[in-house]
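What follows is chain A paired twice: with chain B in the first complex and chain C in the second.
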Partner chain A sequence: MGLNRLRGSLRAVIVFSLFVVLLMAGYTGYKAFGQSVDDAQTDWAVIGSILPRTDDLTMPSVFEIISGIFAEPRGINEAFGSIVVREAAFTLREAAVGFAVGVIVGLSIAIVLSSSRLLERALVPHVIASQTIPLIAIAPIVVIWGRKNLDFLPWEWHDWMSVSLIATYLTFFPVAINGLRGLHSPSAEALELMDSYAARRGQTLWRLRLPASLPYLFSAFKIAATASVVGAIVGEISAGVTGGLGRRILLEAQRYTTGPERLYVAVLFAAALGIFVFLTISLVEYSLVRRKGTEAVL
Partner chain B sequence: MTPQPAPAVEIRGVTKVFNPAGANEVLALDNIDLDVAAGDFVTLIGPSGCGKSTLLRLVAALVESTEGNVLVNGKTADQARLDRDYSMVFQRAGLFDWRNVSRNIELPLELMGWKAADRHRRSAEMLELVKLNEFADHHPSELSGGMAQRVAIARAMSFRPGLLLMDEPFGALDEMTREHMQNELLRIWAETETTVIFVTHSISEAVFLSTTVVVMSPRPGRIAAVVDNELDTRDDSARDTPQFFANVSAVRKVLRAGEPR
Partner chain C sequence: MKARQTMLRILIPLLTLSLLAAACGDDEAEPDPEPAPEATASSDATEPEPTEPEPAELTPVTLQLQWFTQAQFAGYYAARDLGFYNDVGLDVTILEGGLDIVPASVLDTGAADFAVSWVPRGLVPREEGANITNIAQVFQRSATLQVSFADSGINSVSDLAGRTVGNWGFGNEFELLAGLRKNGLDPQSDVTLVQQNFDMLALISGDIDAAQAMTYNEYAQVLETVNPDTGELYQPEDLSIIDWNDEGTAMLQDALWADADRLESDADYRDAAVRFVEASIRGWAHCRDNSDPCVEVVLNNAPTLGESHQAWQINEISSLIWPSPLGAGVMDPDLWAQTVDVATSEGILAAAPDDGAYRTDIAEEALANLRDQGINVIGSGFEPVVVELREGGE
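On to the complex of A and B.
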């Protein structure tokens, strides 16, 4: 069983790597194709004439992007990749705190709403409406609030905590909605069984509703973890917080013409961060939800 | 003559209306009177829609009666529920698949606040009772239907309730497993001296298991007859006796009489 799982994971890693190679080949191929249209000397260039053309500025070569990771920016004695990794760690901290707070808030909402049909019907529309407010509208409010009005807290408030709160705004939602479904998922017989044992509400919640919710919650956690990275990046950009990936992406976007490969590197690292948090949740799920028919992603 | 013990369950003039005054109002039970003496094995039998499951849920206080009283051990049904005077077994075993067999059996004990050591000792005893000792650490998905139902019975008996309420517990099992489970249940009933109320729609099951067969008729749910079911032997061999066949015929006759012509 253990060996089989290892073999399965190994296979997944191989297919994943093959896909990365395939992506790089497709990227390089299209780049060459789009550039050759300019020469207009081949017959197949006619097909190319209806597709966007390419050049070194919009599509730096794979080689340039990879060397961009190891190149040291002017005046700095550190590889660009290592700077971005440090910034990714900064963003990861924001995202992780945002995720944790989002899980607590989302679960609390789910538990409160599941306790009464009236509350659920009256408040779920508000929860859904909350997601239509764009993050860039909330971000400055949260940051200024953090700087001015949170001095009663026993710890010092930093701007990155405001970014975490912005990420929370994205993460609580899937947890609340899926959690609500999960809490309602036990069968009528299972609930009658708990009633027949004169179980208190809290006991039914802890011993039946919550464990039955775990599969639902973990799908939500995976969505929320990825969303927390997006929330942290967007939050950094719209709140003007320095030190993380969001700031880096904004900066490299502004000076794109002088170094396009740097923006590509920053975005690739952001994607890697998203995959990392997703896999972390999958591993926790696999070790916690032992149930037949449940397979981990890796 | 031995003195009559106080009844374990007294049902007096119980009527149950679903959706009262609504468009789909249903008179599920009409003026039911029934006594169940301590130590009896009573089956409720009748066609679907005769309210036998509803009657069982009234005793369990999972459903409230519209009129009349249900007393369990001399208390209201709901007080008996709060005092954990009874335990219930459903058609589906309803084991929690995130708990192994032992922890499923210990569920009611956890709810009652038992210490871990006491819980483990009791669940081991219960596994002995249903003969599943080797399966303590298995998960419900690894059990057959009959084994899962035995675990459900062990869970129900774990805190030794005086009254066991069973709602078609063997209804989803194949015939072979079913007969085996019936034998096991009779053995457990004899060993534990528990009062049992058992809902079924199988005549042979009712006759094989019970001391009293309560025949019900549908629309509205009423008690058509209460048949004393005397059998000289109460084990597997009883299935082939003339007495068993005679009692099956008697119950069938009463059931047929209640059918609409």
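On to the complex of A and C.
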């Protein structure tokens, strides 16, 4: 068993590395192709109009992007990549808090709504409607409101906590919807069995409905975790919160002309952060839910 | 029983994990909003008096910027980090801007005490009911340019006819639109207006013939980029610029705004406003006379910015402020009238704002205090220097 598992993860690492190498090769290949077309002075209109340009400003070479990670900005003895990693940790904190709060809120909504068909019918449309409000419309409002109105809390309210709230706004939704579905998932026989035990509503929830909804919940957690990173980055950009990846991306976009590789590095690290949180959730799911299969709750 | 254990086994680690991640971020990611005072003092040898020990009672004040830390706001950072605000009894917190942050609205909600905002961007919320007022017109000129390559043949506004002209939109385009109309061009039909990114890629790639640029930012970015034809950086003579100050459609930009109601009802707030403007102008005068240490202050607050780019920026910003014939921060009524004219004729404002939209009494009191301290608040002798830009603005 252990050996198989090791082999499995080794294979995953190899496949992923292969994918990265292929991506780099494809990028370099396209760039070389585009430039050779350019050099030959042919008027091939597809590159540069439909497909992206291949010059060094639009597509810095893979080598330039990688050296951008290790380059030290003037006057600091720290590699650019290490600065961005610190900023990614800042964004991860926002996202993690947003995720945790989102899971609690989403799960509570699912439990409340699953208790009554009437409530479910009345309120699910509102839950859905909440997601149609664009994030950039609420982000500045949340941050300004947080600065001004949350000074009664026992701890000091920081702007990054407002960004966490913005991330929560994205994360509670999949948890609530999938959770609701999961709570309804036990079969009628299983529910009747609980009834025959004279189980109280809370007992049915805790021993049957919640365990049965785990596969649904973990799908939701994966969506929510990546969404929380997106929410944190967009929230930072929109509301002007300093210290994280969002600010880094905005700054590097503004001065793109003078250092395109820095924007590439920032965006790649943002993608890596998304992959990281996804893998973390998958790992938790793998180590916990997999064992549950033998207990045959479903 | 097993089911319950499973639930706990899953939920507890999951929540712990996210809290753990939260805690991890805590120690290292917290940005240092203020460099240690001694570090600033020692890095700035030209500052004659080291920061005095803080008097017991400082009034806390927050300033909302329109964008994030860069030399555009050097005067405020210098005033904070070199202790000018402390000298007048203020403890100033600087809030950076964001993509969707409207400083005038932040000010109006009371989430900041003062705000830096372009004049049109202050007047629009004001017309919509935000009771704010311009207490110090810091920049006396507009920094907006329309930049094209010299070999494109665009040397005047009328040469833009039939060309693809970039602009940022979001209220940044009105000087351009008014300039086109003034020269008999219809912005709808005589030129192709396109929205442009913050960067200058579209101009350099040839997608647009003329790009919007600020003297202190995007224009310099072009000059920090290598010209593939020569292998050297682009030179000013490679570019042709249209300056809206010369065309007569310039609109006033960075100004300090305050809450108009509070100025009337709260004597302490008005007093703080005078002191705030006083120390801010002192910061700007300091940056005029000591531009290199001011670049240092900016870089302390935003270490990854490019040094030569910020040196260029501070020089350009000083040229926007100095000389100020009426005294820095005092509104020039002619420029105000021109800004309002453009704003009303372009439909940004429905009507000209009333007299309360700006006031000069606070700036004049502040300047009187500064004159008493022997600080030159007109800057008549100011001459911009030539800043050498390095590749990438490093």
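Heads up, the rule we're going with is that the second predicted complex is superposed on the first by the 277 of 298 C-alpha atoms of A that agree within 3 Å, B and C clash if a C-alpha of one lies under 4 Å from a C-alpha of the other, contacts with A are read in each partner's own complex, and residues count from 1 in each chain.
Quick note on the criterion: a residue touches a chain if its C-beta (ideal position, glycine included) is under 8 Å from a C-beta of that chain, and two chains touch if they have at least 3 such contacts.
Note that the structure is predicted; figures quoted are calculated from it, not measured.
**Q** Is A:A198 in contact with chain B, with chain C, with both, or with neither (first, second, both, neither)?
**A** first
**Q** Please tell me which partner, chain B or chain C, touches more residues of chain A.
**A** Of the two chains, more chain A residues are contacted by C.
**Q** For A:A190, select first, second, both or neither according to whether it touches chain B, chain C, the two together, or no partner.
**A** A:A190 contacts chain B only, not chain C.
**Q** What is the contact status of A:D55 with respect to chain B (first) and chain C (second): first, second, both, or neither?
**A** In the superposition, A:D55 contacts chain C only.
**Q** Pick one for A:S238: touches chain B only (first), chain C only (second), both, or neither.
**A** In the superposition, A:S238 touches chain C alone.
**Q** In the overlaid three-chain picture, which partner chain does A:L214 touch, first (chain B) or second (chain C), both, or neither?
**A** both
**Q** Just checking: does A:L153 make contact with chain B only, chain C only, both, or neither of them? Give me first, second, both or neither.
**A** In the superposition, A:L153 touches no partner, neither chain B nor chain C.
**Q** Following superposition on chain A, which residues of chain A contact chain B and also contact chain C?
**A** In chain A, residues 207-208, 211, 214, 289, 292 are touched by chain B and also by chain C.
**Q** Under the stated contact criterion, what part of chain C meets chain A in this complex?
**A** 2-4, 6-7, 9-10, 13-15, 17-19, 21-22, 24-26, 28-31, 33, 68-69, 95-102, 105-106, 109-111, 197-201, 204-205, 217, 221-222, 224-225, 228, 299, 303-304, 306-307, 309, 391-394
**Q** Which of the residues in chain A come into contact with chain C in the complex?
**A** Residues 53, 55, 57-58, 73-76, 80, 83, 86-87, 89-90, 92-94, 96-97, 99-100, 103, 136, 139-140, 143-144, 147-148, 206-208, 210-211, 214, 221, 236-244, 247, 250-251, 253-259, 280-281, 284, 288-289, 292, 295, 297 of chain A touch chain C in their complex.
**Q** With touch defined as at the start, can you tell me which chain A residues reach chain B in the complex?
**A** Its residues touching chain B are 187, 189-190, 192-199, 203, 207-208, 211-212, 214, 289-292.
**Q** Going by the contact rule at the top, pick out the chain B residues touching chain A in the complex.
**A** 57, 60, 62, 81-84, 86-88, 90, 92, 94, 96-98, 107-108, 110-112, 139, 141-142, 165
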